[in-house]
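Should a chain be cited, it is by its letter among A, B, C and D, assigned in written order, with residues numbered from 1 in that chain.
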């Protein structure tokens, strides 16, 4: 399935500032970037670099004097998702069998304090028979118990806050999902994306859980079809893969994000607890 | 029903220190203290005073040099409880009709941050038809979702912590109950007591909610019969009515607490959601 | 010194709502309300009542259907302040000598978690010789270390947040001052006021510390002269004496507050660490 | 300089459990492990693996039935430290020039919430002329303002707590140092070690800051000479490189740690603000 994605960010820079942006579609064996462009207006030199486990793609630019500028990314991307048939009651992968590269996704992180939510996670989700069922129950629980409310949280909000305050945006839903999964010893990573049919359009965040040898996608917001995502980055949480990290004094003036499909036969895919069919990117 | 209550506290004082203790049974129109005594060994002058809305009874003593001392209280107390027949679906008293002295029990307090738990409280308990049903559902929810675990919390633990960490002792159960009720605009106050059949024996804490013109007793720990309490104090939370407030450098060496009934026909009373019979002290 | 004070609050009520407002000038032996009026437009029945230790004056009104209304208070008030000459190095009043009505102002409260700031308070302020010097050092420390920044905090922000985040408004400055004083066993209470020369005009909050038998006024914001205050209320913290407590669904549309002196010879009074002259209301 | 290091951990396993331990001395171009051994008693199969940016060395073992076991590591290690002469007032490396592998050490992490301490860090440390001076001032500030107090914190304690509560152990001192440095845009990483002359003997934690192209070592506890460390691991904070991560039900029965030098001419090295000589491992 091919998607056309784009994002435009406009900033007013008040003092010399450095930007690190993470808005490029990720290139992976299962996601091909067919074409892309990045335009900065007025023209400013931009450095692209990769970092982190999945070689997330960042750009870095330095603004030395006050200016208002716009940075526009667009791409045509073809992610190939795989439908995984799961067997009921499949246990989480034993810690002893997890690859070293996966183990760190069990650790608590800035916005996903799994160490503080052990008892909650166990009492609510131990009863589900397998790893997939547990994570599905976690996303359902978040969906039912946390209100999606724009503006209710900020960049300092973490899973520990959300579990009490019960409101947030996609970032908060993802962090809470991650924290609860890790508390059950299921490795989980943050996933940022362009999302088809997301309304209102914005950057999206959800998460992947490591089950049966695959990183399966989960989205507690249920705001976009699971097969409508174009991956930007993976990280332990939003601290690793913020859309924009800004060092300086800057106002964000405007942000527009979009994701459309280029084909007609898009069939939205959501999880169904009865079929045990999961999706991997 | 008459109860014999006693408590003995033993402290090692390392430096000059002042103690404020709140261990006397409260005298109220419905609770008679038939006899009582307070013994300090070695003899130290103790000042008794009353303070706060219900005239809670405190003692204050000053130790000017290092010593180990023991303070022992015992009393025979006769609380008279009243069984209140409620009608189903009775609304919380409208704010406009609450007496000024009751209104302050709607405010958030140190250990009961009702302002931070509004959304949680509404989403879980708005659906219950009346005030009594709501508070009963709150105590059941706490009982089912928070583990009673000695030593899991400390004097700084608050309802906001407990709602995430899901473990605590009677004090934490009471604070969470108070916070959730206030978040629903039901006035609620902290209630400390000697409790019959509490095991292991200790000072107990639960709470009263103001419903239909009465302060009804609730206990989310379900560790003692609701009619087996000898009230020590009411307050907004444990900050008002700590068993011991100590200014100085002191080790608590030992604490023994007990409560026995003097009659044979004690019939334990617990709430039953079907009968709508409540208890007021 | 006579002051003319006024405040106008305008609300859009979306659903049936109840308001409790605390905007009346307090009547005390040292503060005379010479004349006052309260006008609600459109006309809505308002109930005035007093509550709390200092008999704070509240009004309560209930709006049963959607409406936009305005409530305007104005008064001429004559507070008489007393200048207290202190002796250097005067100790805090021993706990044993504090009146029962004062003791509760040593307890931690919702927004002033003195129990969590003991070590900070001791390490920074134990070294100052007397109670007044300590509290003055606390206000100076807050003034120098916390940035006054409108909009940086909200109604859930507490002293524990402010000590780390280092920004806030008058309410936050007061809460931090209160928490640090109580951590040093100096009784302290929240003080809301109309403030002369406050810029921009708004309701003001500062605090009183109990020293040498008097409640002395302190203001860590240094935004208004200490003798330019018209007291509205005392409380343990903002939980007791919020300007507006609203139960319902309401937008605040507008708020105007003012305080002018009616005399010409106003001489602003601020503390001077060398003179040890303090002010009591 | 050669060191002999050893650690022995003894656990009582109550239920099937998996351990991940991080107690091996790290092998780096500047740290040679001359010999080492790991003994588990009773014999249990142990798997060694490397993970993370510096290839930290972990062992993993699975215990399938209740047992008490002991794991003992010992090694002879030769770290070569480099003394770096700094020029006064050297700026932090501009963000634009930081290698991608270093950038992630600017992000907030589980125990080092640099995003919440920006204002505090700026107000206290912006005034120091260069990056080294700033970090040195941070370590001095922590040393002076935080009390080293065994048992005052636990595995959930973070820099945000410590900045208010002002007590902790080496782990907490390191986390606070890391958070404050990152808040000033100085990359910083957690550093665990065997430490010569540490008293009482234990695993040690301090941190490295990236200044002038080198990772310089800093220790806010001042409990061990800076040149007396044998590096175990680097990570973003303790979440990455816990000495022991345990999945299961286990009691730690005993822990012994030691570090001795094998040479006689050990000259302890500490920083001196006047000489601007720093140390890199």
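For this structure, a couple of remarks:
To be clear about the criterion, a residue touches a chain if its C-beta (ideal position, glycine included) is under 8 Å from a C-beta of that chain, and two chains touch if they have at least 3 such contacts.
A quick map from chain label to UniProt name: A, B, C, D = Transglutaminase-like domain-containing protein.
Please read all numbers here as calculations on a predicted model, not as lab measurements.
For A-B, the equivalent interface within B-C, C-D or A-D is the one where over half of the contact pairs agree by residue number, namely C-D.
Here the spacing of chain B and chain D, counted between their Cα centres, is 45 Å. Centroids built from CA atoms put chain D at 30 Å from chain A. For chain C, the set of residues touching two or more other chains reads 116.
Every pair of chains meeting the touch criterion is listed here: A-B, A-D, B-C, C-D. Listed in rising order, the residues of chain C touching chain B in the complex are 18, 20, 47, 49-52, 58, 60, 62, 94-96, 100-101, 103-104, 106-110, 113, 115-116, 155-156, 185, 239-240, 245, 247.
Taken in their complex, chain C has these residues touching chain D: 116-117, 119-120, 123, 145, 147, 160, 163-167.
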